[in-house]
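Following: one structure in structure tokens, then a few remarks.
As written, the chain order gives the labels A, B, C, D and E, with residue 1 at the start of each chain.
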Amino acid sequence: MASYAGELSPHQDAAVQVTDLHRSFNKAGGVLNGLDLEIAPGEFVALLGRSGSGKSTLLRALAGLDRGVAGTGRVEVPAKVSVVFQDSRLLPWKRVLDNVVLGLRAGDARERGLQALAEVGLDGRDKAWPHELSGGEQQRAALARSLVRDPELLLADEPFGALDALTRIRMHTLLRKLCEVHQPAVLLVTHDVDEAIVLADRVIVLDGGVVRHDARIELGTRRSQADPAFARLRAQLLSELGVEDDHDAPRPTAGRLSERAAS
Amino acid sequence: MTTLTAPSRRAISSETEDVRPSRRRLGPGQPIRFGGLVGIVALLGAWIVGSATGLLDPRTLTEPWTVVATAETLIENGRLQESLVTSGVRAALGLGLGVAVGLVLALVSGLSRVGETLIDGPIQVKRSIPTLALIPLLILWLGIGEPMKIITIALAVFVPIYIHTHNGLRTIEGRYAELAETLGVTRWEFIRHVVLPGAMPGFLLGLRFAVTSSLLALVVVEVINATSGIGHMITLASSYGQTDIIVVGLVVYALLGVTADAVVRFIERKALSWRRTLAS
Amino acid sequence: GGAEAGPKLELTAALPDKPADGTVLRVGDPATQVALETSGAIDDLDVDIEWANITGGPKTLEAFRADAIDIGSVADIPPLFAHWTGTDVRIVAARETVDPETHPTYELGVAPGVDVTSIEDLAGKKIAYSPGQAQGALVLNVLREAGLSQDDVELVEMQSVDDAFSIALGSKQVDVAPLQQALVKTYLAKYERDGATTIESGVRDDAWTLYAPTAVLEDADKAAAIKEYVAAWAKAQLWISEHPDEFAKAFYEDHEGLSAEDAKYVVDAYGQYAVPTSWDDFIARHQVTVDTLVEGQDQEPLDVATIYDRRFEKAIADALEGSS
Amino acid sequence: MTTLTAPSRRAISSETEDVRPSRRRLGPGQPIRFGGLVGIVALLGAWIVGSATGLLDPRTLTEPWTVVATAETLIENGRLQESLVTSGVRAALGLGLGVAVGLVLALVSGLSRVGETLIDGPIQVKRSIPTLALIPLLILWLGIGEPMKIITIALAVFVPIYIHTHNGLRTIEGRYAELAETLGVTRWEFIRHVVLPGAMPGFLLGLRFAVTSSLLALVVVEVINATSGIGHMITLASSYGQTDIIVVGLVVYALLGVTADAVVRFIERKALSWRRTLAS
Amino acid sequence: MASYAGELSPHQDAAVQVTDLHRSFNKAGGVLNGLDLEIAPGEFVALLGRSGSGKSTLLRALAGLDRGVAGTGRVEVPAKVSVVFQDSRLLPWKRVLDNVVLGLRAGDARERGLQALAEVGLDGRDKAWPHELSGGEQQRAALARSLVRDPELLLADEPFGALDALTRIRMHTLLRKLCEVHQPAVLLVTHDVDEAIVLADRVIVLDGGVVRHDARIELGTRRSQADPAFARLRAQLLSELGVEDDHDAPRPTAGRLSERAAS
């Protein structure tokens, strides 16, 4: 991407600068063990990692939400950070639109909120209570809330997890459009390797509490699964995640289970 | 390889057939309309029957009809209305003052640990001490006029408001405070959009107690230099052993208390309609 | 607090004739207030009075301590306890009943089924006893009259709050309890058919006083105002005695909410009041009560004459003689 | 096409460097250790200073040193200890009984609408009526002995327990009841694993009020046929006007109240450690 | 699958029998509009559908959890139904193991609970509080809770939504193993078409409040994405969901957005 400030850029330019980050919830062992991470302004980074590998922990550290958690390290982030939480975290006592515009101090806050709701496919639901939304609708409302505030850094924890394929593509398009316009740095947690490759400038894999793998994606703007480079990258990332040959697990018959996949 | 089955099958069923899996209901289920009155009517019935059959000695608990007759007399000579108005004004002023003070203190103490260290202890001390025992001090500081009475009521009222609001506020889920922090809201927006609505259930429960406290405090304050009021009426009647008037007073108390409670619970239902609880 | 203090006055100095203009006397004496208002005598009163609807020992004492009233209207026991607990007070007026034997303030209520016909029968009985209250002193006085000691009976400590004694008798929790006339009627109305009775206590309990904190009496203006007030008060007590029906209606019916019948009963029961122009006998009887309390409750011995301000004895006498 | 960057860069940082994004804290933050005592100490200080400077008239509020001296006398002649023991036993028995009754009623009324229609109304009536006014009835039914006193205390205690537990229970999130229904738990398991823990915060708040109520009720019940007890001591002293003894009694009340409250809040913190709230 | 009772089986044999099901939350329009569905005992049905199409509503109807919702129709389900909710719905006041064994009345409940936790990769976390688990760990705990109770019907609402690829494959294997052994009827909501094809005997697509598409999958026990039949089926289902050509959306440059994907 044009805005990428060059590799191994000096720290001064970085939007996010994480140095030697340690975090642990108990004495048994750390979740983050000396993690280093740098994100340039406007850079879109996808974060992959096994369930429980510390992705949310990292995001919370970047968002400054882990005051009580033991640890050391240096975290530098921009002032305007927006977070999409793993749970969609809508205030249950506020209607959807009020949730979206909460704390938004623009004069046309409500219009912008309505527009954001329309963009995530929730037009007409602005007066609904959060509990009246389906799981995916809640996730989209939370997304709308993050997007209306033009952050310098967007931290999104599996924002598309509960969305079907079509809605997900629409949200991808929306997110990319907004990134194009406002150029925030983005750190997006996802479990979908394809999604990571399609959306991001760089994909990092978290494992053992450090960034185990850091891959710049240079597939151009049109990324197709049909592209063999796409497939290679995909296979590489999946193998980083421990999957040798995805979606090819044998269907076990009683008594003969796939040892490899079950291990 | 793939068989498509058109979603066509339509059972021959009457238009309004509504068969759902029968699952043991564990929650309390739908509210019964006017159910709250059943118990009260039963109580009233027990009183009437008890009195009519002589099971309840009228010397202990006046018969309902005597109470009605006494109430009529009190209404005719205007004492009941006058007392109700006097007490109503006192209770309302005390309630308003107490709620405002309790709310402010709860916010200060709930949102800042420094505020809490200063405010919370003395309030616990205050609520451990019988209001009756505070009266001499209050008379000393405030005299024996109306201000003393209203402030005494306010002192009885602010405690449940404070404790419940403080507790409600402190038990707001931490994740909502986190959210507010990431949204960059101001402190006042945080209070308005997160703290107050989040503490609202607690506050409203406190209000239920506050309303009753304001009424009960009347009995204590209207002993001092009062010439009318429900509390005064009851105290005076008991010093002359006029059981029937006492019971009229208690019935008025019960009516006021139950009504006020029902009003607060109605507000509760409306204001907290966003909740999905066992009750809804 | 009251208005700013007037000039200081020694307790031994002669009472000034007139209070300064603007002196306000705060009085806790609703019965006299009603009597003055009903008789119209209130118009002749030269001092400004701020009435407080406060009576009874504990409440007036509380109000004195809070400087909320200047003068209170009580029986002869509260001034003693005020003194014993460190509030310096003086009795400034005294009243008794014309016919105390037949119009006692208290009778002894006897629980249904208990055989007590005279105070000698009290031996071995359970008696409700409220130390610190006039009822408590009465019980000790009765025991003394009956020649019994506290060990000869069983004293059940409970406060005489409102109709608590009447209830305790009715539910046979105690055998005997002193009951004020106002309660005697309701007690008998409720429990006479079960065998409840009342007996006369045989001791005098008719003493009634006005008392004021010494600090008030040391204020020349207030003292002058009190001098005016006790004079009006004395006449009002006599007016009450002479107009029982009007007083019953105005006070017990309208002010206290009793039925006409009950109001009349109470007024009749209390009988006619006398305002002694010489306090010697009154003080002597009071001293007996004091001695009983000193013995029965371990109080500090007291020469009761020291808490009487006899300058007002003369003021009352002058007023009554002047008018008659 | 793909550039791998080894995650190697390691900043030169001291071992314990801990720089986190500074974000405005909206919640109250960490509790201050022994913070609860600050306000109480301040109150005590104000009392001492007020008395020493003569701002507080000793006839209204006895000086602290006089109170200490009086307390010493009361301890020497054994009255204070005796009173404490008597009152303690009464309050504990009443509290135990009241909590048990309140809990059972709250469960019955909270989990069944039929139970609610019968129970809830009369309890609202009860709580609108001054306890003092109930005493005559209780004396008639229960006499003037210990049972009457303990039951009167229990009556004062069960109301906050009932209301809070009922409210806590009703405001358990409906989704947990749904869950329980799909797990096919029995009614008793539902109560044990969902209702009781879910209503626990409410119950514990109610307990804070119940404990204070049990102490305050002593003043009311120990007026009748009591020869010792804190309430008796205070009532007796106030009829004699012995301000110093009253204040000793009130200090004892404050101590008991604050301690009991602190104990319940400690239990609260332990028992509700699973919560993630603004306070934690 | 061997246990499948034959096509268009008589109603009597069905594990789940839904006839003309209507559900609506407000007067504006129904969420389910005359839905018919039959699931044979032991059959594994995957349910696809757009976000907000009524999948959770259908599951709640099957679970008998929609007492308050207006509607008509006939729903017949077995007695032993187990539900994995879209939110993982662990009781916050119970530790993980206690959540898993809640209501389990077997004598060896705790052992079975521990075993189930181990199977979902949560060994050693049995004493953790739910809030101490990561999003994916919570989801797995909820899965363990459902699986320990051998239901006749398993209703799972996106049980793998928050899992990474490897963990997801492990859970697939686990679920298939358990289905093989206990033969419950399964209705599984998922947004992942691949997952649906890999796991299910039949895939249905919910749209407009009815079952718009009902496809039996006959790919045998070894299902590979490489298999052209797999790819065909996949494309077909995606087109049912409105996606013509997935993961091939162009990366927009400012001002030139993909009209098709954004529509």
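In this section, a residue touches a chain if its C-beta (ideal position, glycine included) is under 8 Å from a C-beta of that chain, and two chains touch if they have at least 3 such contacts.
Keep in mind that what you see is a predicted model, and the values were worked out from it rather than measured.
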| item | value |
| --- | --- |
| Labels of chains that are neighbours to chain B and to chain E | A, D |
| Separation of chain A from chain D, taking each centre as the mean of its C-alpha atoms, in whole Å | 46 |
| Cα-centroid distance, chain A relative to chain B, in whole angstrom | 47 |
| CA centroid of chain C to CA centroid of chain E, Å | 86 |
| Residues of chain A whose C-beta touches two or more other chains | 63-65, 81, 87 |
| Overlap residues in chain B, where contacts from two or more other chains coincide | 23, 25, 136, 140, 175, 180-182, 185, 194, 238, 275-276 |
| Residue numbers of chain C (touch at least two other chains) | 65-66, 163, 170 |
| Chains touching one another, given as label pairs in label order | A-B, A-D, A-E, B-C, B-D, B-E, C-D, D-E |
| Chain E - residues contacting chain A, complex | 25, 48-52, 55-56, 86-87, 121, 132-137, 140, 157-158, 161-170, 172-174, 176-177, 180-181, 191, 193-194, 198, 220-226, 238, 241-243, 246-254, 257-258, 261-262 |
| Contact set on chain B toward chain E in their complex | 1-11, 13, 15-23, 25 |
| Touch list for chain B against partner chain C, complex | 59, 79, 135-136, 139-140, 143-144, 223-227, 233, 235-243, 245 |
| Contacting residues of chain B [partner chain A, same complex] | 175-176, 178-186, 189, 193-194, 197-198, 200, 272, 274-276 |
| Chain D-facing residues of chain C, complex | 57-58, 61, 65-66, 81-82, 84-87, 130-133, 156-159, 161, 163-164, 167-168, 170-171, 173-174 |
